[in-house]
Amino acid sequence: MSCGEPEKELWRDTMGRPERRGEPALTHSELESFLRNEFPQVFKAGSGLSIEEIWHGGAQVRQAYREDFIRPGGTISGPTMMALADFAMYVAVLASIGAVPLTVTTNLSINFLRKPSAADLLAEAKLMKLGKRLAVGEVAIRLAGGVELVAHATSTYSIPSTQDA
Amino acid sequence: MSCGEPEKELWRDTMGRPERRGEPALTHSELESFLRNEFPQVFKAGSGLSIEEIWHGGAQVRQAYREDFIRPGGTISGPTMMALADFAMYVAVLASIGAVPLTVTTNLSINFLRKPSAADLLAEAKLMKLGKRLAVGEVAIRLAGGVELVAHATSTYSIPSTQDA
Amino acid sequence: MSCGEPEKELWRDTMGRPERRGEPALTHSELESFLRNEFPQVFKAGSGLSIEEIWHGGAQVRQAYREDFIRPGGTISGPTMMALADFAMYVAVLASIGAVPLTVTTNLSINFLRKPSAADLLAEAKLMKLGKRLAVGEVAIRLAGGVELVAHATSTYSIPSTQDA
Amino acid sequence: MSCGEPEKELWRDTMGRPERRGEPALTHSELESFLRNEFPQVFKAGSGLSIEEIWHGGAQVRQAYREDFIRPGGTISGPTMMALADFAMYVAVLASIGAVPLTVTTNLSINFLRKPSAADLLAEAKLMKLGKRLAVGEVAIRLAGGVELVAHATSTYSIPSTQDA
């Protein structure tokens, strides 16, 4: 009643040393092309989403400020941050396993920690496990230029088996 | 290291009997007015969101089908369902405590269970706990007319104390 | 970025009608024998755990009161309820797919809702999804004889593929 | 529908610099005395639990290997790791706010990432938010001497208000 499955190596720091970031499975521009073709409703002009950096095991993405994200009191809506966390995790998975279109979120759990003010959001996703069937990661969301977390998510992605393809 | 706080009574079935649904803290039209005023970016013409039923301890809401929700393979996006779960839970909290604008989501955890096809979604939120400071509920999302769950969420809302107001 | 996989049918009520409980994949005594052999540290004399009922898609289990579960204030500890939720979910999975020893928990999320008093706990687990690779369920924990939830959990189990066996 | 409340400062690194660890709210021996008095069923001789380090905003605790934690295949049980995550988080909260006995877990969500072998476990808890009413943290569990995560949890604690005391 506890878990495990065979997995690919993650170049991820876990002891406080500077993280060694491995080569992503596809280039930045290959990833953008894939997203524009496969997810045109998400990754499109006007969405405000952009990919800042990718590496094997993680990604940093940005959500530019948009007025329709705002809630009373000038804070950014919860669903905006949930969608951003999901996107960051998806980009991290693709950066680690390549352009596998049928990869799907199975679970996302998010804690809203502080009210973000009206500014761009940065989300950094790191995979904690990259197995053959499941990828599990965490996502830290901050205001651009900020230090404190505004939200933190964990998420699990299901990876289609090669036999299924 | 386990939890409790004083709470208001919930008229919620927990033993398989037909649920006794208590009077909501505000009427359906009062709730809609509140949402239109306080959350115009969410609850507006064109959003496709509507409130089907409210009662003390719960709510059923509908998300009409919109083409921009669709992902490759004809399935509805994860963020659409996360936003719907959050909205359903918010309506259930308001139906139970009245129009308290500063109520905020602190946590949302969602499992995506089946790929929904292109149709309206119904979300039913039920509070499992309604304390003075926290409300905890679950949300079941199904296709309109469908029986099986397409997603299931649990969420916690923080209720401002009357001293804070 | 939303989820799905082929699945076996669940005889689970989802519309408020009395639940139709299908035949479990193994008998009550087969399940107990399996647990005694495979999990002697958990399912043993003195544990206080017993299986009340199993069916296809669910299970009800009991944790008898034990003095070492108690915390200051006379309440039952959080870890006791987490272990019970995990056990209930495991029994529900076995009741639905048969005695598959390598089935493992991948995620468990629990909300502690009320302080339980010193009494037996009943946990009812229901599968919301039973796929080839993943089972997802929810667990409701109450005091024996009580109506209100003291805790609520959702959990995901990974099922080994037949090719792996 | 997103979150925030006033909070005390956390001396927590969030930008990859070495973490600045502030003074805990009570000493190591004060904390141990408190736990021995308030939680004798948990923190006792033979439990195998010990506190390695505490600071403002976090803690590292150890669970010594015990044979009764083992599952078939030689792996440590899920409930052992859930209890350890809860304990680590509790110690981190006490280290940050002092000996407040009525602090209670409201939510714990754990991902089991790898099968741990038979060895001591180390759990490091870090608070991501320390508000007046809620503390939210994450816990990383590794084998002693190991680098990779075997489990990762997030948890929320409710802090009694001074008016309630």
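Per-chain numbering from 1; labels A, B, C and D assigned in written order.
The rule is short, and it goes like this: a residue touches a chain if its C-beta (ideal position, glycine included) is under 8 Å from a C-beta of that chain, and two chains touch if they have at least 3 such contacts.
Model, not experiment: these values are computed from the prediction.
Engineer: If you fit chain A onto chain C using the CA atoms, what's the rotation angle, as a multiple of 5 degrees?
Structural biologist: 180
Engineer: When chain A touches chain B, do the two copies use mostly the same residue numbers, with over half shared, or different ones?
Structural biologist: Since more than half of the residue numbers are used by both chains, the interface counts as same.
Engineer: In whole angstrom, how far does the Cα centroid of chain B sit from the Cα centroid of chain D?
Structural biologist: Between these chains, centre-to-centre, one finds 31 Å.
Engineer: When the C-alpha atoms of chain B and chain C are each averaged to a single point, how far apart are the two points in Å?
Structural biologist: Result: the chain centres lie 26 Å from each other.
Engineer: Would you give the residues of chain B that are in contact with at least 2 other chains, written as numbers and ranges?
Structural biologist: Correct list: 1-4, 39, 71, 77-79, 86, 104-107, 109, 111-112, 115, 136, 156.
Engineer: Please name which positions on chain B make contact with chain A in the complex.
Structural biologist: Going by the criterion above, the answer is residues 38-39, 41-42, 68-73, 77-79, 82-83, 86, 101-102, 104-112, 115.
Engineer: Which bits of chain D are touching chain A when the two form their complex?
Structural biologist: Counting only chain D, the residues touching chain A are 1-4, 7, 10, 14-16, 18-19, 71, 75-79, 81, 109, 111-116, 128-129, 136, 138, 140, 142, 147-149, 151-152, 154, 156.
Engineer: Given the complex with chain C, which residues does chain A contribute to the contact?
Structural biologist: Residues of chain A touching chain C: 1-5, 39, 86-87, 90, 104-107, 109, 133-134, 136, 156, 158, 161, 163.
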